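Report on one structure; see the data block that follows.
Note that the chains are named A, B, C and D in the order they appear, and that numbering of residues resets to 1 at the start of each chain.
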């Protein structure tokens, strides 16, 4: 009896001791070495390598490695090498927070890139902001991510801009008057569907139905059967590859014959094009990677990535890659300390990147670039159009 | 600081594991949906402070209370159904609660909720203050659990856990005690959720999904269900292991899953349960020190 | 539209029935909620995927997928569950969850995280009835036929064979069966071989239906099958089929007519909770005897 | 009107499970300080009757009065609070708790009647001494710190009885207390019951074994197929033709 209590007390004391060690410990973590040296510059990175978004985690991790390799091969940052500090967040916000803390206080990174989804990035953003270490979100769309302050940027279109672009495509390129919306039920699908609806209705269009589903849904026959009766001109589906591919396949099987418009979420060669197969033909998407671009940066990226990964790159990879290129550009031009990097990013103008010409970042940290419109043709994404209209592509700054 | 964040994660996990231990370890009622109550606490506290302007110190117990009310309802349900039915029903509760957070506009729906950092007497809560609060809560809950085995409540729960009929024959109303255990356990989980929300500053429904419940149950079982401090040990191990194994990034979950299987296979009573390796060693040490008893 | 939706519902229900059958059988004997059965579901699909790539033969893929997973089931019971049989059910539950996490990540590391196509070719073309606005997928026939055939085989096996008799006796009460001279170890092993074989069939068929296999494909079945087997009365194969159809139909009709007011998976659990409030022992479960 | 000598009075008690009439209109009276045996062949309805008195089954019809107060239909824990303590045919000790805690749990009836009061400390020195006294009464004091699940069956039975006694009941009900016991353990047990009788405890016991029942009881009630077929002292009952027939019938069926 006595020994039992002693053991349990010991465990309590150890556990609490461990917790209290946190109260006292640390402190000296963020001392940075002087600028005049040749030590590598560390850039932090986190992505959902394990867990339900592992496919994206894999793509972006490859892209991050490729980008760092590329930067180092082309002379590094004014002679200094770049080192990648990469972690897996398991798609859990709590882990993203401890990673952000680790990156900012232990690892001494000067900047970071989030290759993760919205809720993880959203939870980590304030930590980078408070630590005054710039962070670029590669493809997380939650509108609040950039709102905390000056140090957080976004490399893909904020949801509102892309939703608007989708509606622009629907109205002007696909000539749709009525639309049925099928969106994945998270911040990504919701923001896109909301802003699509707003713009589409303001141009006189009508949304005949809107249905949502979880990321892991596979069965769309019930809802597609319903949509078939409504006979809309278009189905807008802001969702990811797994679900998008099932919608494409089941729509074809049900003989729906309705044009479909997707988003960057299904810009995936492996998961979307291969699974959907021939049924994907004719689907149009809004994205930020134009495979037929004449830009050298784009073509080099596609070639290098395909060689490294043994498959064609998708949008999340391209966007992640560009985050590093933007950081490198800012560091080369403005200096490799966190504050200078931040200022450097704001100074970027018309920078040639894999996802097109980056026109610049607004005061929230949102990127301005052209929205690419692609169409699936013979099992591959092909050029369909490009939206340059400033009204559409300019991100909100509030 | 990184150490603080890890310590906070451990502190949250310890509270959750201890609260689950009251329901599953002491009262013997299986729960696979504990994260639902954690989430109810988090959302309650977030709404009360952000939208109703309550001070954090009031929102904290309120979060526990709201979670406990739902917990009592679940307890009332639990007295109707058999063990395994209950286990799966608690999974169901978890899904339904998360679904409500995900679908109802008031809870921020799919965009989640921003949660203000607490301010107490002009002091804005940073990680240090959160950590101190967690240490206090952990000590309080630990003292309660340590008191349990030598209290009437602990004896009654032990009776209900072992032989419901025999407990009833001693005048113990099994239903009341089950519901009571659910109430206490979910109250603690709700308070923990409140701390979590204010620590993170942002919550979304998936923070409280089914895998979180599984994680909490794993901690308690790993350490030893029904033991006083086993769940603490389980919480420390399972919270630290992803951090420690972060360097083997790619194999992290493989190691985690494998660890669970091996521990269950070879220490099924939990790390400090009866006849476990640790306990045998400990008792050995102890009796040698005292010259045997 | 109604006819189409009812057919949709039956197909979804059949898929659930197949998916939950393995866990039902395991529960019937072992009285444990076997989450790792959902890992076997993914393993089966991946083995089939691998052999399809290697040999190009759907038959070889199907047979090896099922056979290897069944062997895996045998090993799991021998080295993991059998030694834990007299421990608290929580222990087996957590062990199963650990194994499930392990298997998922193993598949991710070996085969990559991306969804891969499980293309058995067009086995049967879809049939359209334009006048009725009705479409019948070719794969649906495959699913329905396979479900019916497997359930028939299962029924014959359990009700018309010596091992089936032993199975039923053991399911009633393992200790008594043992006392009556039934080799319960053999029954338990047979049970896992059957249960994991079923999981593999389900994984492969679902892989074909949705033309995709991916490491986390067992995530949804892991909890959904629990809802189904509990609703069916735990360990009762017939109850499982009935519950699967109820849930499949409820989801389909709500999705098609009302719209999802809650996520699909939550609806399954709402159905479960409501029915348990009415019948605490499940649809076909027996009342607890005291 | 209430006869102060009468402790328990059962009138017209019936329990039907669907078409099966397990107990079909049994009357029974138990006086203070008496030891009554409830006997009968297998399936006679003894255990069903017993479980109705303890509140584990709700009677279909009939009344049960304890000290003049109707208690039929009350849940088991409420019956226990009225002062009826019981043991189980298949012993139900709290296996993962120590013998001491098993016994102490019974004190909760008096010391922690409400949920809130249950938060108080139970392991006070006074209570522990008290526990030791009860354990000594049934000769298992040496095992106080042993897990109840590790006891032999005979000792589990003793623990169960001690636990029931610790409730300080007005009526102690024993359900086949000798089932599964060795000959020696049975003899020890008979001695124990004699000690209890001597101390004035009122006891009702269900017993299948006629010899054991004869050794223990002042009076016997015999049930067969749910009805009372005989009543009286052990000698009277043993010589009753209906009883002999009932037991003989069983023996023949059993062959």
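The definition used in the following text is that a contact is a pair of C-beta atoms (placed from the backbone, for glycine too) under 8 Å apart; a residue touches a chain by one contact, two chains touch by 3 or more.
For clarity, every value in this text was computed on a predicted model and none was experimentally measured.
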Chain at the geometric heart of the assembly (C-alpha centres): B
Distance-maximising chain from chain C - centres being C-alpha averages: D
Whole-Å gap between the CA centroids of chain B and chain C: 31
Where chain C and chain D are represented by their mean Cα positions, the distance between them in whole Å: 48
Where chain B and chain D are represented by their mean Cα positions, the distance between them in whole Å: 41
Whole-Å separation of chain centres (CA-atom averages), chain A against chain C: 35
Where chain D touches two or more other chains, by residue: 56
Overlap residues in chain C, where contacts from two or more other chains coincide: 105, 263, 265, 290
For chain B, residues contacting two or more additional chains: 102-103, 165, 250, 253
Complete list of chain pairs which touch one another: A-B, A-C, B-C, B-D
Chain B to chain D touching residues, read off their complex: 147, 149-156, 158-159, 161-163, 165-174, 176-177, 180, 226, 274
Chain A residues within the chain B interface of the complex: 2-9, 11-12, 14-16, 18-23, 25-27, 29, 49-51, 86-88, 90, 92-95, 97-99, 101-102, 105-106, 119, 122-123, 126, 142-144, 185-187, 189-191
Touching residues (chain side chain B, partner chain C) in the complex: 24, 30, 77, 80-85, 87-89, 91-93, 95-96, 98-100, 102-103, 165, 210, 214, 217-218, 221-222, 225, 250-251, 253-254, 256-261, 263-265, 268-269
Residue numbers on chain A that touch chain C, as the complex places them: 49-52, 54-55, 57-58, 185, 211-214, 216-219, 221-223, 225-226, 228-229, 241-242, 245-246, 249, 253-255, 270-271, 274-275, 277
Chain B-touching residues of chain D, taken from the complex the two chains share: 54-56, 75-78, 80-81, 85-86, 88, 92-97, 101, 104-106, 108-109, 111-112, 115, 117-123, 147, 160, 163-164, 167
